Structure formats: C-alpha cells, structure tokens
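By letter and in written order, the chains are A, B, C, D and E; residue numbering begins at 1 in each of them.
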Amino acid sequence: QDDTIKVGILHSLSGTMAISETTLKDVMLMLIEEQNKKGGLLGKQLEAVVVDPASDWPLFAEKARELISQDKVAVVFGCWTSVSRKSVLPVFEELNSLLFYPVQYEGEESQRNIFYTGAAPNQQAIPAVDYLMDAEGVERWVLAGTDYVYPRTTNKILEAYLKAKGVAEEDIMINYTPFGHSDWQTIVSDIKAFGSAGKKTAVVSTINGDANVPFYKELGNQGIKAEDIPVVAFSVGEEELAGIDTGPLVGHLAAWNYFQSVEDPANEEFIATWKEFTGNPDRVTNDPMEAHVIGFNMWVKAVEKAGTTDPDAVIDAMIGVTVPNLTGGYSAMMPNHHITKPVLIGEIQDDGQFEVVWETPGLVPGDEWSDYLPDSKDLISDWRAPMSCGNFNVATGKCGGKGT
Amino acid sequence: MSGPETETLLYLDGVSVSFDGFKALNELSLIIQAGEMRAIIGPNGAGKTTMMDVVTGKTRPDTGTIYFDGNVDLTKLDEASIAELGIGRKFQKPTVFQHHTVWDNLELALAGRRGTFAALFRREGSSERERIEELLGIIRLGELRDMEAANLSHGQKQWLEIGMLLAQEPKLLLVDEPAAGMTDAETEATADLLKEIAKEKSVVVVEHDMTFVRALGVKVTVLHEGSVLSEGTIDHVSEDPRVIEVYLGR
Amino acid sequence: QDADLRDLINGLAVGGYSETEEQIAALAATGDPAVVPVLEALAEGDVYARKSDRMVFIAEKVGSTYTLTDPLTGETVDEVASGAIDKIKVNNRLRRAIRTALGALTLMSPDAGTRRAAAEAIFQSGDPDAIELIDAAIEQEQNPSIAKLMREARAAAVLNSDLSDEEKVAAIEVIKTRSGRDSLSLLIPLTEVEGPVGAAATAAVSAIEGELAMWDAAQNVWYGLSLGSVLLLAAIGLAITFGVMGVINMAHGEMVMIGAYTTFVVQEIIRSNAPWLFDSSLFIAIPLAFLVAGAVGVAIERGVIRFLYGRPLETLLATWGISLILQQAVRTIFGPTNQQVGTPSWMSGSFEIGLLQITYNRLAIIVFALIVFFLLMAFLKRTPFGLQMRAVTQNRQMASAMGIRTPWVDAMTFGLGSGIAGMAGVALSQIDNVSPNLGQSYIIDSFMVVVFGGVGNLWGTLVGAFTLGIANKFLEPYAGAVLGKILVLVFIILFIQKRPRGLFALRGRAIEA
Amino acid sequence: MIGSFIRNGFDRSAFFVILVLVAAAFVVPALALYTTPASPFHIPGYAIPLMGKYLTYGLLALSVGLIWGYCGILSLGHGAFFALGGYAMGMYLMRQIGTRGVYGDPVLPDFMVFLNWDELPVAWYGFQSFPYAMLMVVLAPGILAFVFGWFAFRSRVTGVYLSIITQAMTFALMLGFFRNNLGFGGNNGLTDFKDILGFNIQAPETRAALFAASALALALAYLICKSIISSRFGKVIVAIRDAESRTRFLGYRVENYKLVVWVLSACMAGIAGALYVPQVGIINPGEFEPANSIEVVIWVAVGGRGLLVGPIVGAIVVNFAKSWFTTGALAPYWLFALGGLFVGVTLFLPKGIMGTLGGGWTALKQRRASAAAEAGVSVTDTDGPDGGRLKTEPAE
Amino acid sequence: MNEQSEAVVAEQPAPIAAASSPAVETKTAGEPILQAKNVDLFYGAAQALWDVSLSAEAGKVSALMGRNGVGKTSFLRAVVGEQPISGGSILFDGKPLGRMAPHDRARLGIAYVPQGRDIFPLLTVKENLETGFAPLKRADRTIPSDIFDLFPVLDSMLRRRGGDLSGGQQQQLAIARALVTRPRLLVLDEPTEGIQPSIIKDIGRAIEYLRDKGTIAILLVEQYFDFVHELADTFAVLDRGHVVASGTREDLDPEKVRRHLTV
C-alpha cells in the first residue's frame, strides 16, 4: 500500500543536546540516501521522517508516539541521553515498534523493542580500567563524573570492580559536578592533590558533553600532563575535541569502540562519504555515528531476512544478524539486544584525533546486567523464544528480576 | 514608659529622622487632641511630609516616641496596623489605584474588615453602595465613576484621594496639601469639607495656601528644619518674624 | 660505536611498548648525548621505521610525503609516501621513560633551561641509577637555583635507592624544604617505613601539609576571584541593559555568544591568512566583538525593544524570542557543534607565587574584567552620554522634553550593554565551549549577580560577582560542586530576605516605596 | 457563602469557558473511544494524551496568570511547584509498579536497586496510597510556597528581586533533584509507569479518563480563579499590583493577601503537574529547569495576562505550535518560527492573543492614540507611598 | 547679539536668556512665538480639547486657566509634543510643528516644567540641571549664573539626589532645569503647586524677571488666581476643552473669570 518505508529519526536538533545529536540525524540521512541509491529496501525507497524533540525529555516520548502512530514509521533511530531513552521506552513497548539507541550507556536495561548499539559498561569502562592498571600501573583512581545516572552507575560498577581487584577504599576518589560545569579550578587542583600521594594516579572521566572543554582547558593550564596523571574519558570523542586546542592534552585517553583514525577500508570509505555528504572536509566522525551505521545495516539486513518491516518479524530476525563494523571486524546482534564490539583505547593527538594504543584481542559482547552489581549479577536477557525475557534470573530460574 | 493622658489622640515626642546624615525631623514634639483639627505649615523641606511618614509607619524614626489613642506605640507597628487603628492619610502626590475605576477605588477604601477571608467571601451590600454614591457626590466624580483612575486629571485624582480618605472613616486624618492644584473655588470647598469632618474626627492638614489655612480657622503649627518653630492662631504665626523670614516672605 | 647506537635505535621498532621501553633504557644507559635528538623526536611521535628495511628515522611530514632524517647524523636521507613507513607508537609510559632518560642525558647540557628540566625529570622519576650523574652535575653547576633543584632530585633518587638510613633522613630534610605536592608524593609512601626514615618522613609530611593548608586558603581566594571575574564579565553588560535600562534581557547570553563567535571567526581568518598574528588575535577580537554584538544590540533595540518602553515585562517575551532566533541562527550558520577557539601562547600555562598556582588565562580574565568595569564606570559617570543615558532610563518622556534625543540614547545604551557582553564573550571563549548554547549557561548566573548586587548599581554588580565567586569556591571543597552551587543559591534567597533590594540597594525616598 | 462566592465569578464569559472545557471532557474521549478511524469525527488515540498535556499546561499557565496578571508577582520558578506535584504523582505511580520492575523488587524502584539502596527512603513512605499521594500533590508545592512566600512577602521582596529568587529556588531544586543520592531517580527521574488506581496507564480508556480529569480540573480551577478575582479579594490584589504600599495604608495586610494567592497558585501548579505526569509518562528534574518556568511566563504573555483565559489559550497555542513546528522538514528551523511568534506577539498583539481579541479594535486604536503617553515610565512621584518605584506596569 | 553673548559665555556662565538661541532670527516682542490654531485632541475616543486657539509672545506671560480636568495639561502636552493633536495646528516661529518629537522641540527652544515636576529621581540636583545641556551647543553648556540667585536652595543641595528633595524643592529644581536650556518658550504647568508662600513670590519674581528680558515667551497654566492676575499679560480660560474666555490683562474681568473657575 505505502510506496515508501518510513524511518524515524529522533534526535534533538535544538537545545542543549543538539550539539551532539544533530550529527546523528545527519548520519542517518546519509545512510538512508546511500541505501536508496542501492535500490532501497524490499523494493521500496526509504523515507526519513525527522522530528526535533528539542532536548526536552517528555517531548521525546511525544515525538516517538507521533512517529509511530501518525507517521507509521517502521523503525526509529534516536536518543542520546539515557533519560530520553527511558522516556520513550514505554512508548515503543506499547506501540510495538523498534528503536536503535547508539550511545554508550550505563546498562541495566534490556527491552524487547530496543536495540542497544552503543557500549555497555563492560565494553568501555572495564577494559579502560584494565588498560590503565596493566599498561600504566595505576594504583590510585579518581572517578570524576557529571552528576547523573550514567556516571553514577558506571562508577558504582567501577568501584566494585576496582575493589574486587584489591584497590583500597582510600585510593578511590569520587567526584560529581553539575551539568555544564565550567569552573574546574578547584576540582583539578583536588585531583592534583589526590595524585600526590606517591602512587600512580589516573582519572576515569564520565564527565558529560559541554563540561569537558573547560575541564581539559583547566587540566592543560594547571599543567597536569598525561604522563603524570592520565585522564581516560568515556564521553569525549572526536566531536568534542573539535572544540579544543588539543596541544596540551596529548596523551590523555579515551575508550571507545571506534575511532576515526582507525585504518580500515570500510572506515575510510565511510569517512569519505560523510565528508562529501556534509560538504565539509573538516567534519569528523565518532563512535555513536558508527553505532548508527551498524544499527542501520543490521536493521536493513533483518528486514531483508524477514521480508517485511513488521516489527515482530524484524525483532525476531535481528538476533544473530552480523554486519561489518568500521574497525575491521564483524559486529553481531546478541540475544540481549546488545552487540559485540571491539574496545579501543586511544590517546589524544595534537590534531584532535585519537591514536589507538591498545585494543581488546577480540570483540566483546555487551553485558546489559553488570556482574559487579549485586542485584543484577544473576540476571540475563534473552529475547529469543521461548525464553523471551529481558531480566531472567538464573538463580531463581524465573523471568522478572529477583522475584519475591 | 506609661502612655500620656487619654485626651490626647496623637503624641509625638522627641522624634528624629535622618537620611544619610541629613536631619529631616529634629526632636519634633507634637500633640493632637481628640477631635482637634490642626494646620501645619512650614517651608518646603521642613519635614511636614516626613512627619506624616513617621506617624503612618512609612518611615521609622531614629529616636523618639509616638503614641496614638492613649498608649498604642506606633513605632512598633507596620503600615497596615496603623491604618487599622484608624489613621488615614492623603498623600501629597495623589496616589490612587490606577487600574481600578473611581468606584472601585472608593470601594477598596471603605471601612470594614480587611482580612483575606472576609475579602474572599463578602459581597458588596446596598449600604456600601449608598455610601459610595454619597462620596461620589461629595468629590463630584459621579460622572466618572467608571473611568479608570489612571485617566483622571491631576486635580481629579486629588479629589478621589480625598474621597478614599473619607471612605476609610478614620479617627485621625492626615491630609497633605489637599488644595494643591485646585482652583480657588475648589480650595474653598475643600476647606468647608474638612471643617465638616473635623466635627467628628481629628484632622491634621498640611497646606501652603494661606487663604485656605485661614479659612480653616484652627491652631497652626509651623515646622522648620524638622522641629516646631512657632505655634498659635494664624494671625499669631503670620506675625512671627521668624515665620515671615523663613516661610511667608516679604 | 655509532653502529652500535644505530642498532639500538633500530631496536626501537621491534616489538611492543615493553620492548621499546627496554630499548629506551638501553639508549639512556649509553650516556651518549647523540641519542638525545632521537629520544626527543620519539616523545613527539616523530620517529618512524621504514617498512622496507626496518631502519628507524626521524620523519617530518612535508606536504603529502615524509622526509626521513638520520637520527644520528641529522642528514636528510629519503623522502617517502606515508604507506612506506610505520610510526613507532608511544604511550604515556614510554613518554615517562623518555623523560627520565633525557633527564639523565641532559644534566650537563650547556643550556640552563635544559638542565633545569633534566633535574626536574629526575626528581619526578626518582631514578636511583642517576645518583652518580647528579653528583657530577652538582659539582659543576654554577646556577644556585638549578643546583638546589639537583640536590632535590638527588634526594628523590636517594629515597628510591638502597642507601643507608642516615642518607635517606638527610634526603628527607632536603625534600622537606621544597614543600609542594610533589614532595608529598615522594614522602607519603615512606611514612609507612619503620625506623628513623619513617619518623623523619612523617614529620616532614606534616610540616608540608601544614604549609599547604595555608596556601590552600589563598588558592581558594584566588579561585573565587577568578570565578567572580567570570561572573562579573558575564553580568556587566546585563547590568546596563537590565540594571540601567530595565529591559529583562533574555537575549543577553546570546550577545556573549556572538562575542565568542566573533573571536572564532577572527581566529579562523588569522589562521588562514596571517598565522603570525595569532597571539594578538584576542586584541583584534575584543573591539570587533564589541562592534558586532553592539550592532546586533542596536538592531534589536531599534527593531523591537523601542516599542516596549514602559512595558518592561513584555521585553521578557520579546527578548526570549530573539534569543531563540539568535541561537538557531548561529546553529544554522556555524553548525551545532563546538568551535575551536585557540589560546594565545601568552595565556597558556601558569606560574607560581609560593605555592599559589596562578594560571595566565585566569589572570588575564580578572584583569580584563576589571578594566572593562572601570572604563564603563568612568564612561557613565564622566561623560555627557552617561548622564543622558541615566536620565532617559529614569524618565524617558521628561528626558525627551529636556531635548535629549531619547531614541538615539536608547539605541546606544542597549548597544553599549550588548557590546560589553560581546567583549565578555571573547574572554569566555578562552575558558568555555564556543557553541550555540554558550549564552544559555551564563544568563541565569548573570541575572543572579545583577540582582544580588542591587539592580541599577554597577558597584553592586562588581561586589556581587566577587562575593558569589568566592562563596562558591569556599563551599566547593567541603560540599562538592553540586551542593556548593545549591548552597550559594539558598544563600542568595536568604540574603534577599535581609536586603530585599540587593547588596548595594539604591536608597532614598525615590526608591523606597 | 461559598455559593455566593462562586456566583460572583460566574458571568457569561466564565460560563462559556467552563462550558467548552466540560464539553471537551466528555466529547473528546467519546470521539476517541467510540468512533472508528474512518469517521470524520474520530480523534486518534495518540492525540488524547497530547491534548491532555496541553490542558495541564493550561492549568499551570492559569496559576501563573493569576499571580502575575492580577497580583503582579512574576514567578520565574513556578515550574518547581509543577514538578513537585508531578513528583508526588510519579512516586505514587512508581510504587504501583511493585514487582513488575526489572529487578522485581517489591518495594524499591529500579533505580534504587541498581544503585544499591537497601531500603526505601523516608520521603517515599506512604506513596503507595493514592489519597496520601494526592494530598502530597497539593501539600508539597503548597508548603514550599507557604514557607517561601511567608519569608519573601514579609521581607517585602518584590519585583525582579522576587522573580530572581523564585528562579534561584527552582534552580536549586533542579540541582538537588539531579543528585542521585537524593533518592528521586536523579536525572532520569521516574518513568516506566504501569498503572494508576489499578487501571493500565496505557489503556485508551485510562488516557481518556485522564484527559477528562485534566479538562475538569482546569474548568474548576478557572471557576475558582474567576470567583477570586471577582470578589473584593480580587480587587485588593489588583490594588496591590498597582500600588502595593498604598494598599497597606488602607489597612490591608499585603503579605497575607499575597501569600494566599501565591500558595493557591502553587497548589494549582502542583495539581497540573500531577495530571501531567501520567499523560507524558515521565517526570525528571528537567521540569525544574529555570527555562521551563520562564516558558510558562511566555505562554501567559502570549495568551494575554490581563485575562484568565489568556494564559490557558497561550499555553495551548504555544505548545501546539511547538508540537507542530518540531515535525517535518522544517524541524531544524522551528526555533525561528517560535522566536518569531514571541516577537510578533509582543509587537503586534501587545495585550496577548486574548487581550487583543477581547479588547477588540477599539482597544487597539486607543493604544495607538495614547502610545506616546505610555512611552513614559513615571518615576518621579516622591511623596506618594509608591513614590518613584520603577513602575513595572504599563500606564494604560 | 549672538556673537556678543557667545563671547561672554566663554568666560563665565551666561545669564538665562542671553545665550544664543538656535532659531535663525530672534523675534521682537509682539510677534507670537507660539501660535495654536483650532487644536483638537483626543484620548482614545474621548475628546479633551475642542478647537483651542492660543498664542504666546516673547516678553509676555500668557496664562491658561480652568478647573480640574478641563484640559490645561493636555494642551501643554500637545505643545511640547508629548501628545499628538488630531485637528488644527501648532506653530512655532510661524512654522507648524506637526508631529515633531519633543526633543526636537526642545532644540527649537521649548522648555517644559510639567505638573508633578518629573525630576530625575536618581540624578543629583546638579545632574538634573545638566540634563538641560542636551539641546545646547558645546560652548553654551554651563549653568546660567542667575539660576542660583533665583533659587538659592538648589545651590546648597547640588549633590543631593533629586528624588530626595521635598515637593517644593523639586518644583524649584524643575523650573531651574528648564531654564538651563535657554528656552525661548517656557511652558509652566501649575508652578506654584505645593510651594511655600515666600517661594511663590520668588517664582513670581523669577517669571517677571524672565518676562522682562523680553526674549522669552511664557505659557503659564495656573489655578491660583491672584498669582495669575499679577503676572499675566494675556489669558485664556478653558472649560471642558473649550476656550470660554480670553483676552489681555486689561480685559480680564476677575468676576467673569472666577465664574468659569467655580464648580
């Protein structure tokens, strides 16, 4: 009946999150255009439906509802912050549609209608800490984050993990700052003080978005060099670095599943297409963009496999779908709706790119329920029939958390 | 300190007010008896308006005592409590509620309970309406009853404010320059009106119009530099050379 | 011998980080200054291995190809495409190793700066193998401050060695005189040690910590002043458009943003046309930002605000709309992401007064904020325009009747406030993101400062900004950044109860109701 | 007494507004539930919570319009009361989830489980009970407003000073609620509600009922506001707005009057928040953002703050515009449209949409004629009680 | 005359009326500086002035009288440009003012002392006076020497904020401020309101002094009959927006005028 298949794009184009999410809207438009050039999908052209939830969380839910009910989109790619995902989650469940979520997040969630193409904590935070311990010999840890759920949860997991590795309580300093914090003088000097106890110290940063630029500027100005106190960040990618003079930051680290600098033919082609699409040779690429590439290709493949865009069929077909990622491997959709990803540790270079200094030997499957949180270590998720459960408790053998 | 004798309605003793070192009132003492009308004159800047400010709670005195109606200490009360005690005031610069009609201005001023609860549930009775009609007649704004006060001329606002003062039915009326901006005929009418009121209430009038003050025919107090310079009948003070010097001129 | 060196250097390309690290140590152990250039280049990431023969060279990118230089002779050897060479990767651990190696190798360098850096590097690494080298260097050192540094470096190395306890106690005494955090990091681990060394270390640590506590208070004041100056800059334009003119100017933040983007554009033009001007870029940007933001301000006043005098609350609605439009306009023109605004070299880094660390950019901002403030003050108090401006804002109609050209004064006043906001944007571009959201992050703080200080009083804005800045910075270490901020807000609320018209309330019968 | 109070306010325009709202409360759900999609009168299911949301915004705007338009209190922090009401409702809804949370904990909401909370914080006690939660919907904002207003009005904090401290209040609350360890779900807030009073929150019937409840609540609130402003009380608060100090000299306790409207307005905002949350499905600290509160003021100004319907219309128009502009090809540019709307309204509809419609052309003409007269802000009256205050009201 | 007075200015403050005026030519006494012809004025739909004609000559005091609310202030506001007229015309030096803005009228030499004084409350007395410099040439920007002779109280209060002054002090300041602009037409709205008797006499003397300079036309609105009677050369009486009586001092029949002023 319809001559196009509609694809919803639910990313903020205004408000505080526009800075990160606009790029994801653009990359989706590009992917759809490319797909259409290849002849579309199931013989139909794809049609992008763009809405602007304006960094307003309830508006995300409203717009999701509109996309599904009114525009009848087959799938939605969207959200960045966890709160926006939490806001739309019941809508996707109620209206039985699909959402691809491309950003690294705190885990502790697995929902039938959502596919998590960003990293779970075990695909980013834990390997990064391992690297610092092994390669840099770090013994003392500053966990600095913006005060919200993702850093809080990640730090909870890291704290448990570090303690399990024998790190003492007093060798962990946890610090939270408000969103958009811009005066880092005190905290940077506190970090310096903490780092002067004679043990190798590192900062694990879950500082979000806009607060990073002033943070790094202050680090640079107070003369904290990566050789002395390295900072490994989970939310700083190429886009964020594009706003800073990275000269003083060389050597600080980030953990991601993708870097623009990774040399791989698929990546080079992607970068070239992107630069052409945006008409800007300076535009960079980053990890969430790759996640959308993977997610989109997986969805295309699953639709082809199912022969329809019917949500139930596609959801079933998704599991097991494997597509090449942009760093030379193949990512697969796991039964828990998370994907397998390589974990890369990169050092900031003075051209604003990262140079990979370490990577996991193979791909790491995303672990939605952390093994380091007491109430989730017994949970698993498997959306295949017959289990078809997002929170199966292996201890009680029942679906539905720890039960009563 | 025990309150002064009961005949006294308003009692000021040794009241001083200064602004950034400038003494607007300087050890001012003044007694108004119940049922008395008093005219207060004095040069511009003598402190007449400030005296009213101090009595009505707008300005706190630095030193001195003020008692009302026996032993109510006004320096401890705020504006609303003082108004509730029965002290009403007309301001030198007419101040009315710009966005209310003439009628509503009078209605708001009508004597009665001021509590929030009463205001929410009380309805305007016919006796109130009659009283407002009566006042409109007195201030000759009957035709403009539905006009927003903002659109009145200067003199009309003066009258409206006098009307509001009457509506309050206070025990003591403080009237700051009621005749300013009025024609001679209106000035006369105002004097008559005040004399009428003074039959039942105490009135303190500040005016520069000597004809008006003379028409009132009451005791006159002359203020100068924040304290009393001279006191007595109009003829007495008019002949006082110091009053001529600082106030009346030659 | 050169051949041996060459082999060692080629060895850098063999194996992973650990192997490279061993190779660096081996190079350092030669004690041959000839290896210094290659180590320096390695730290910079400029060392490559030629794929064809695994020979290691220093490479420099020229155009699309690389020029290979022999690390020992310094001769240009080859020119190759990027595909023909492999970069020898360095990570932080390697950089640390190189720093230590270079420290030992350059202790005798004729250049004082290099010697100082070398001593500093050894102090940091505390490499006991370097003790002999340092002893030799101390013998020769003429410069007393470098000699002191070397003695401290030696002491650090001693502490890591297996020398006698007396030696170590003596070393602790040396380090104790150095104070500072890095001394602590050397001494704290020793406090665990049994015997005289542990006792001496414990004593030294508590002495240093006592001293640090004093400096910390001073440091907090400095941070407070610095934050205060940022608040002042952000608020000062608003003190005009809102404080003096009474326009509830929700687009104020966007004027700051426009100033920051002006800086960005200026730097872009300089980068591509006149890179040597870069260090002066801010001096060019300041007047331009004033003009650009001022012009936008004048346009807003003429286009919208002037119809709203006498209805100040409506200005809230209109300027909010304008702020949305400006944000989106910038987003459309420049894109939604952060733009890179560089820091001139003279504003990078920091210096120390005692143990007080002062960053140049913050110092520059404090000075700039004060200059802007006092210039503005003088302008308003000393010029006829200032008088006319105040007259117009107090009673527009009467001012006009006095012959003051009110439309012109209004436009210029709003332009002035906006222009100052624009200049603030230049300064803020140095410490914050340059993005379309920039203005939003300052608007609330700006209103708080102006209102806290007392609307219509510029001194209030000044004192208010510094008060809030310092209060914030004294709370932060105890309460944390989030709670600290909450406490400051609660403080403002309570303070206004005490002084309902702000810190420097305008008084007099004209104001008091 | 109450009867006469209500009769006071119930004039023709009130009758009309209430009629429209009550009719909507019944007709809209009926059209949504009992017509087929083919019918021209059908209202699609997704539109119901959307329209319900507009109505709750209308109620919020009404609460701001009451204090701003009639009492001259410009609150830039009303979002705080709205959010508190919303949180009270959200907490009830969270407790209703029971063991259906991902961790299956019967008592603790999910976010507490994975952040290793052992027991329910005291603030959450009682919220499993609907009546208690509804009480808190009114009490939480009411008490905050009472305490805040008690101090502020007694200290005679007015004008922009009051506005800015209301903003500080909501800003502080926002930062507080962002903190995960306060126990309200941090920045993610409260979500994933399952049912309300035993009814599935996503069922069309529940949605329709919530819509109807919003419409009726708005109608009732409108009636109460209308009655208030028609009473003597209403005249007093307008007098306070125009000449606060003069009102004192007439013997009115200004702080009490202000406190009563202020608290009432906060409670209305709280109820709006409580109705909002189940319809949008989430409450999070973003609602405390100062920008949100400012937006409410904007709605009021757009609709016209001199009338009670103004704020309601403004809220609906602006939010409808927002929903409409943020979809489709122009989505990236919608802020131009919205910003333009705000500027346009101030310039061309100076009394807001309803003010201009209501006042008709005569009003507009009158304005033009006296434009010059209004351009002046009179600040020289020194002898009056409100002497010299920078008048924040138009001299119209 | 111009050259001469400018030379004086350079050395010492010039007296009020001696400074050069921006007008091309100085009118000799007898020719009206201001002429209002058939002025109609509306507030919204309500008409406040009907067909009002009036003129003011240099060296003469023209008085406008009438009860409260008859339109006196409205007429003055029309003259200074604060309220547009909808019928008739107002001529200054024979040229119609049309919709000229108030500040341009001030530049022509119209100075206004409004009812209610409109002092700039937060400016000091000195600064209030200096606002009068705006329409002047740079060289003329001095406070005329005789102002403090007329109003000595101001001299002692130069640094006080205008808004803090008492009502009467403000009135004096308002007149003084108008004189700083070296006006050719001085418009006074009830200048005796709230003023102590001795200063009313001073103001009367000041007006006489200015009149006697012969270069300034004075348009005076006043209700205080005796005051007008002593000063006015010509007069007009307004009632409900209409001119109901007018003439020269000689024509002034106190009884007739009083009748119009009676309620």
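Everything that follows uses one rule, which is that contacts are C-beta pairs under 8 Å (C-beta built on N, C-alpha and C of every residue); 3 or more make two chains touch, one makes a residue touch a chain.
Chains and their UniProt names: B = Urea transport system ATP-binding protein; D = Amino acid/amide ABC transporter membrane protein 2, HAAT family.
Quantities reported herein were computed from a predicted structural model and do not represent experimental measurements.
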Lowest number of touching-chain links that must be crossed from chain A to chain E: 2
Going only through chains that touch each other, what is the minimum step count from chain C to chain D? 1
Using CA atom means as chain centres, which chain is nearest the centre of all the protein shown? D
Just grab the chain with the largest centre-to-centre distance to chain E, centres being mean Cα coordinates. A
Between the Cα centroids of chain A and chain D the separation in whole angstrom comes to 36
The distance between the C-alpha centres of chain D and chain E, rounded to whole Å, is 52
Taking each chain's centre as the mean of its CA atoms, how far is chain A from chain C in angstrom? 29
Centre-of-Cα separation between chain C and chain B, whole angstrom: 64
Give the residues of chain E that touch two or more other chains, as numbers and ranges in rising order. 43, 82, 116, 118, 120-121, 162-165, 167
Where in chain D do residues touch at least two different other chains? 175, 178-179, 245, 332, 335, 376, 378-383, 385-388, 395
Could you tell me which residues belong to chain B and also touch two or more other chains? 19, 49, 92-93
Residues of chain C touching chain A in their complex? 17, 45, 89, 91-93, 95-96, 99, 124, 181-182, 184-189, 219-220, 223, 226-227, 230, 327-328, 331, 335-340, 342-343, 348-350, 357, 359-362, 430-437, 440-441, 472-473, 476-477, 480-482, 485
Going by the contact rule at the top, pick out the chain C residues touching chain D in the complex. 246, 248, 250, 304, 307-318, 320-325, 327-329, 331-332, 394-398, 440, 444, 447-448, 451, 455, 482-483, 485-486, 489-490, 492-493, 496-498, 500-502, 509-511, 513
Could you list, by residue number, the parts of chain D that touch chain C in their complex? 74, 148, 151-152, 155-158, 160-161, 164-165, 167-169, 171-172, 175-176, 178-179, 244-245, 290-291, 294, 297-298, 301-302, 332-333, 335-336, 338-343, 345-347, 350, 374-380, 382, 385-390, 392, 394-395
Contacts from chain B onto chain D in the complex sit at residues 49, 56, 58, 78-80, 83-84, 88-89, 91-100, 104, 107-109, 114-116, 118-124, 150, 164, 168, 176
Given the complex, residues on chain B that touch chain E span 19, 22, 41-46, 49, 92-93, 140, 151-156, 158-159, 177, 180-186, 189, 208-210, 246-250
